[in-house]
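What follows are several structures.
Below, chain A partners chain B and then partners chain C, in two separate complexes.
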Partner chain A sequence: MALPLPTGLVPTEVAFLCEMEMVTIVPRQRLESITLLSGKTPALRPPHRAELPLWLALLLKKQRRANIVPPPWLLPASLQDLVNQETNIDPEAFSPPPPPPMRSDGYGAAHSYTQHSTNPADVVLAPPFLPSCTQGAPSGYLPYHWLEMAETLLAHAADDIPGAADARALLRDLQEVRAAKMRGSTRHLEGGGGVLNLRGVGAMELAESRGFVLGIVDGVRKLGASVEASRREEEEEEREGGGGGGDSDDEMEF
Partner chain B sequence: MSYYDVDAILTDSEKVPCKFELEIAQLGYLDNDPAQPLKTGTTVGLPLWLAELLALANRAPSSSDEDAKSFVSLNLPPALSNEVMSALKADPRAVPLRDQSHNFYGLGTRMLDLFEEAEICAILRKTFVTRAADIALHARKAGGAEDLGAIAGEDFVRGMEEWERLLFKNAHDGVKGTKAWMEGVKKH
Partner chain C sequence: MDIDDILREVDPTFDFVPGETRDLQALTRAWVAERSAPELLDWPPDGLFERINDRIKQQIERVEEMTGDMDPKTNFALIVIQTELERFKYLVRSYLRARIAKIDKHTLHYLSSPALRARLSETEQAYATRHQALLHNHYLSSFLSSFPQSLQNLNDQAGNISMIDTPDLETAVFIRLLTDTLVEGRGTDSDGGMDGKIGDIVILRWSDAKPLVDSGRAEVI
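Coming up: the complex of A and B.
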């Protein structure tokens, strides 16, 4: 019998992975560098800012040893822009994911990180290696772990976030708007295309809607199975008629 | 599809109208008339698994003649009749599919395997996708504190058939998990 676990990551697992994301903190006490499995943490010297993984930042925050600097996209103005983008500017698609990080070269031009590295394969531009929740993250774009990061920061570091109450309300709006889009996006499956565009959808939203989206894709596939089979047969016949009778072994071709 | 899939077994036992192509002695009780043999042309509802076998089997297996008749000829079940299809075409949300059949889509796919009905296939697909959006909405709102008592779509939820119930459960599980995490995040 099948394992009774759901396929894919569940919300708690997504939230656990989110704790690997780097955030910017302002330390209030000196702390020497700690050697962790993921590498050494920077030595903390107040008032210099440093980047730490979220779990360590939360630990220091709870011990009142540091303050967390919220990522720019979590500020109410940025969230307001995002809600506007989702509802008015583009009521169909999700808001786009953040652009790949760029670095200025001092001559007024910007280059992507990969050009500076000697080996482009060294730089992995995917969560959690993308600095998407630090101080330098672009404002107005939702990163992959936006919902869980925002919820965690609002729960534990609300006093560090300017306009936390507004941000919380705007997050609720954003979440509802995007959930409605996720529900509506399935109607593109009606024609039998079988492709859903999930660009810009966050990890928590994926975990939330995975069961629904998989269920509906599976249902559409089952309903269309007989028509699909007859279409395959027709194509097969056409090809055999045109190509002078091909081998029956190449049925796997599309 | 699993061997132990209860829905598949129940779908197999859905009644399908079959017209008998020959007279059979001592089967009259199927037509509520035990004294008489079952007449040619009588329409009897048979479970899908039996009907499928009888309709596809050849009455004279020795002859390879294409026109050899089978025992019964199948018809579309009332759940997939023209009236239901036109109602679904008009507004998929307004039809309680559970009243038509508990395994409406399961029955539909089985019948589409037997009949080449591109139109029914298209209608079923449109119905499924259109209703799925509503199902997700109800799955998201269900269990919320604000709409206990008067749920606006109570009729709709009652009219969902088995595939849709499974979809509802999956969608609701995801929402429930997220909600549970969001409430728990403040505690530790």
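Coming up: the complex of A and C.
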């Protein structure tokens, strides 16, 4: 009865999560609004575009009731820019994640999609609930679920994607470049510096190397446990003796 | 949906997210966090789970009513509804099973103090207590009873070493920052800190990440 899976999302669970991302579709048939557990779907009226979660869009696509509009970042030109960004412009870090989406409030001011400061009861949104794979998403930025989204769309809706063959080849390049960066990031893990920022990494990339990366971090911690304990003791003594004047003293004192 | 929700729906200054969608977001976040965190997290407050269970029940009733109807148009709607229902049931089941796996692993630890007990829902508490009692009785009847009286407990603290296994709170986790905030983490050679930006994905120890996650400044991924 208990879940036999290891801690941390496995790739199939990440794919499940990715299916909650919203995508834009062009319906081919009328379909009335359906009341689902997650709210009502928009009524579909061809040729008006609508935004639906990926799982529903795929269902409609398989039954030829709709075409999927690929997100702008999945077009070959955008992917080419991204490969360039990853290999030439910044060969060290991952390309940055998309900027937080903004929306208008109807009075001319723009608000961040992620924050509802007016109502603290609202949850702060994060992927997969940000519109990062719809028609309105910016090109040239890889969203959190980029790999799964691209794979799924190319597998089930390749005829809707212009330049699908090019996109496939470019995606493979991206995947390799970024996998090398992911492996390279372990160099920073050895030092045991406390925090490591992996800004821009994707969900599937994390799921793939989660065991490896976390294994290293935990292994280094266990090996260095006694060193760390004695360092903390020294710092503690220094603080008591020196009255907080120590140069390695970066913690607040009360 | 109450009057505030209706008012917000027509007010352009709010981006309206219906309660159902917000619940799905909250459930998804709880599931991901529970799957990735090394210890059991708090049972979601404000009746989130009861609400979702009620809705699933209602939806199942609706499906039962609709299956009598053989009109091809509603038939497709039925497929969509059932697909979504299965997705919801998977989420709920996986979430509960992930929690049971943690409870099973460290039952005595989660029953040992009122603060830890409060993390369990009522059903989970009943499950953990009964499960532990059954297990201990089984141990007693099969081998513990032949030990001296003083060695029959499962929660001895002799020599300042507790027998109760606890989850390793120093395990590293991945978190995503939901606001710009200072992130501090302890390391082997030095302690690190950085000015985190919204959307940053950071590896650090769970014990350092927990305050950020609890205050809603970050989420476990």
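Points to keep in mind about this one:
Here, the second predicted complex is superposed on the first by the 211 of 254 C-alpha atoms of A that agree within 3 Å, B and C clash if a C-alpha of one lies under 4 Å from a C-alpha of the other, contacts with A are read in each partner's own complex, and residues count from 1 in each chain.
We take it that a contact is a pair of C-beta atoms (placed from the backbone, for glycine too) under 8 Å apart; a residue touches a chain by one contact, two chains touch by 3 or more.
Small disclaimer: the values here were computed from a predicted structure and weren't measured.
When the two structures are aligned on the shared chain, A:186 is found in touch with chain B, with no touch to chain C. When both complexes are overlaid on chain A, the residue A:165 reaches neither chain B nor chain C. In the superposition on chain A, A:211 contacts chain B only, with no contact to chain C.
By the touch criterion stated above, A:36 is placed in contact with chain C alone, chain B being left untouched. By the document's definition of touching, both partners, chain B and chain C, reach A:220. Legend: residue contacts after superposition of the two complexes on their common chain; A:9 is shown touching chain C, with no touch to chain B. By the touch criterion defined above, A:89 reaches neither chain B nor chain C.
Within chain A, the residues touching chain B in one complex and chain C in the other are 189, 192, 210, 214, 220, 223-225, 227. The touching residues of chain C, when paired with chain A in their complex, are 12-15, 17-18, 20-26, 28-29, 32, 35-38, 52, 55-56, 59, 73, 76-77, 79-81, 83-85, 87-88, 90, 94, 97-98, 100-101, 104, 170-174, 176, 178-179, 183-194, 196-205, 208, 216, 219, 221.
Of all residues in chain A, only 6, 10-12, 15, 148, 151-152, 155-156, 179, 182-184, 186-187, 189-190, 192, 204, 207-212, 214-216, 219-220, 222-227, 230 touch chain B in the complex they form. Those residues of chain B lying in contact with chain A across their complex are 105, 108-109, 112-113, 116, 118, 121, 124-126, 128-130, 132-133, 136-137, 139-140, 163, 166-167, 170-171, 173-175, 177-178, 180-182, 185-186.
Residues of chain A touching chain C in their complex: 1-5, 7-9, 13, 16-17, 19-20, 31-32, 34, 36-41, 55-56, 59, 63, 97, 100, 103, 105-107, 111, 113-116, 118-119, 122-126, 128-129, 189, 191-201, 203, 206, 210, 213-214, 217-218, 220-221, 223-225, 227-228, 231, 250-251.
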